[in-house]
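The structures come next, written out as structure tokens.
In what comes next, subunit A is part of two complexes: it sits with subunit B in the first one and with subunit C in the second one.
Showing the complex of A and B:
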């Protein structure tokens, strides 16, 4: 392809779209976090997210979240068509504020866990997972 | 989806008073996400379990809101404190209004 002014513009537009798309996915996850926290500041630490580095099958990815002292934990997959995964509320008889589950991931992405602590503060953590076969089924 | 739904729960039969035990739950359910297509290219309607709760003698242990991103045959593992002898009650709420329940008794060791 000859590099004309028209082609250069087309390439530029394509590159622009490619950078915008993942940004929108993150925006959806950020919105979900904002809805959960009510816009409060989100700190770091005090929450552990355990997940495999590479998941061969995106249909069942085992993850566990542990946040001592949390009243509820929200789990989000930023790269899924709908970022919400699950919200766990812990009751008086929960021995540990931790839960393990199996989730679906559409592709390689970051998963985010946000915990609401008993004192009303929020903490978050994120893990990157590489997914070999996506779990959104065609 | 009312066919073939079978809850399976693993709870120790006995526990010391005040001790923490690990509970594992699994329920067979296809968890249709609503994003898959059939052979004709039509979307298969969403049909999932949207909520799971665990209670011990009426006191809440965990209450999970589930979205379509939860895998087929939802599995949960968590820890609960057992203050006295009693019963764990597990409840799953289906999109179609069905409620699946399982009850496990725990005796004092």
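Showing the complex of A and C:
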């Protein structure tokens, strides 16, 4: 837990974000969802978002989204300065509708996945991911 | 499958520390000085399968004193549930009588005086006697080690855990999982694992480049006409709580979805009994049991809880077997036609003055210690105070370490990590070099000294507090709160991160900690690579030598609310 002044500033900024960001999608993420859905109602279920509870490294966090029958999936990091992470479109011949990637997180926050299904309906799910200083467990 | 009602009846009839001598009798016999090895080991062999569970020995080959926590708060849904019950409340919950051997073994109340009467607990040679006695009754009993075995003592540090590996091998474990093992460095772990006759399991250990399993997830055993699958789960937060540069290619995590897949895989392969050998920590395992079906037994570890009865979560039985060699759990199971029909359980307390040492293992322990015995047994000072570590907020061992850091390193504020390992010393005891290492031995021991703003100090404490008091167990890392010297604070554990700590005060001036002001902070066990400073055991040794006798005032600098 040795901290130089410079590191301390970085951590201070990250933790400030942590105190205000978790468990809420910010306006920018809401806008991105609205743009994707065109304002349609968004349901739940039929979409699985897999991510670590606590990031081992906030710069490269493995996440995957699985939404059987989806034609399109968007992934958002609600607490990042720019929430848009990825959009995946699936053609009719896609064997499965899932994507996996590694993303960078500015601090503890919710990540949100929204899928557009073949019938034009939308489903959404979100997970909280913590980015911590760590170092005192055990 | 056993119903909840049968479970409760079975618990009263056949479980608990009392063994088969009947509830309450065991304590009475002990009080009459009639406690014998036969009573401690007494067990009416049951069913067709026996599991022997040990965990969190932390390198303690010899018997030790280990005081159980006074404060062990549970937040959210688990508030007031075992293991978040201590002292008199614990004794009441499990119908134990104050002053009895089991009260001494399982709670902190009157610890120093009871310890003088009932003596040290544990010792691998005594554990060997217990294990051999169980195997005499059930030769194919499975010995399962939930990890934190290759760490925590002078000889373990000096031999890079070869001492523990050699002695444990004599007991012939059937499988183990891990946590502190990885702080030996991944190369050393792999080197040891190559020599083992048993699997080193970890279903949640992945290669972090290709995201593929890095360890064997499970092992099948044929026992009593049934197929037993033992799945391993290593500590999920190793790269966060411990230095990730020591095992750079590995990723861990709770990985609930992976556990669901592995359980389905072993069931599909014909498992009649599914056992999870876990270093998740008790609350994480409790939550996992509610979310993943198909696990019959979880042999828990990491959080150092000792419970005299199994805890039932849906259809999963959780066993907690303490730490530092104090206990061995025996679990006999009746498994027929792929169903768990019944069980008998005993948390066997390893009273070192009652249970005879196994001569072969005792000799092996002495052989491992012999090259180091002179340097280890040197008396550095004495203590007038009880020295212990375990508890959510502070312990006298860490008060001593923080005082040493402030004095020896000329710091305003000291931080000592909330580790749960480290045996206790009684008032009047000599403090040997070995005792200091028992509280500090690890592979990243450098005592740093740096400047931090008041705001940074608060950020660190809030971060650690959330790792302990987040209401979702999957976000808990299973250590205790970082110990603070030179500074007091109030904490409301029910608040969210960023709002738990208030009233941070510099003790020597009585002034509030100023977020903008810079303070000199000394600490140890940084997870950062390249941390500089003297090894913590040398800092503590210098301080104790200078003081001669340690006398600690009760620490009232942390005020706790919200639980």
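FYI, the second predicted complex is superposed on the first by the 107 of 138 C-alpha atoms of A that agree within 3 Å, B and C clash if a C-alpha of one lies under 4 Å from a C-alpha of the other, contacts with A are read in each partner's own complex, and residues count from 1 in each chain.
Everything that follows uses one rule, which is that contacts are C-beta pairs under 8 Å (C-beta built on N, C-alpha and C of every residue); 3 or more make two chains touch, one makes a residue touch a chain.
Treat the numbers as computed from the prediction; the structure is a model and nothing was measured.
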First (subunit B), second (subunit C), both or neither touched by A:50: second
First, second, both or neither for A:59, with subunit B first and subunit C second: first
Partner chain(s) touched by A:130 [first = subunit B, second = subunit C, both, neither]: second
Subunit B versus subunit C as contact partner of A:104, first or second or both or neither: first
Which of subunit B and subunit C A:92 touches, first, second, both or neither: first
Subunit B versus subunit C as contact partner of A:81, first or second or both or neither: first
Doubly contacted residues of subunit A, that is, touched by subunit B and again by subunit C: 135-138
Subunit C-touching residues of subunit A, taken from the complex the two chains share: 1-5, 8, 11-12, 15-16, 18-20, 22, 50, 52-54, 56-57, 62, 108, 130, 132-138
Of subunit C, residues touching subunit A in the complex: 148, 179-180, 208, 211, 235, 237, 239-242, 244, 251-254, 257, 302, 415, 417-421, 448, 450-453, 455-456, 459-460, 462-464, 466-467, 472, 474-475, 477-479, 482, 496-499, 523, 525-528, 531-532
Interfacial residue positions of subunit B with respect to subunit A in the complex: 20-21, 33, 35-37, 55-56, 59-72, 74-83
Subunit B contact footprint on subunit A (complex, rising order): 59-61, 64, 77, 80-82, 84-96, 98-105, 135-138
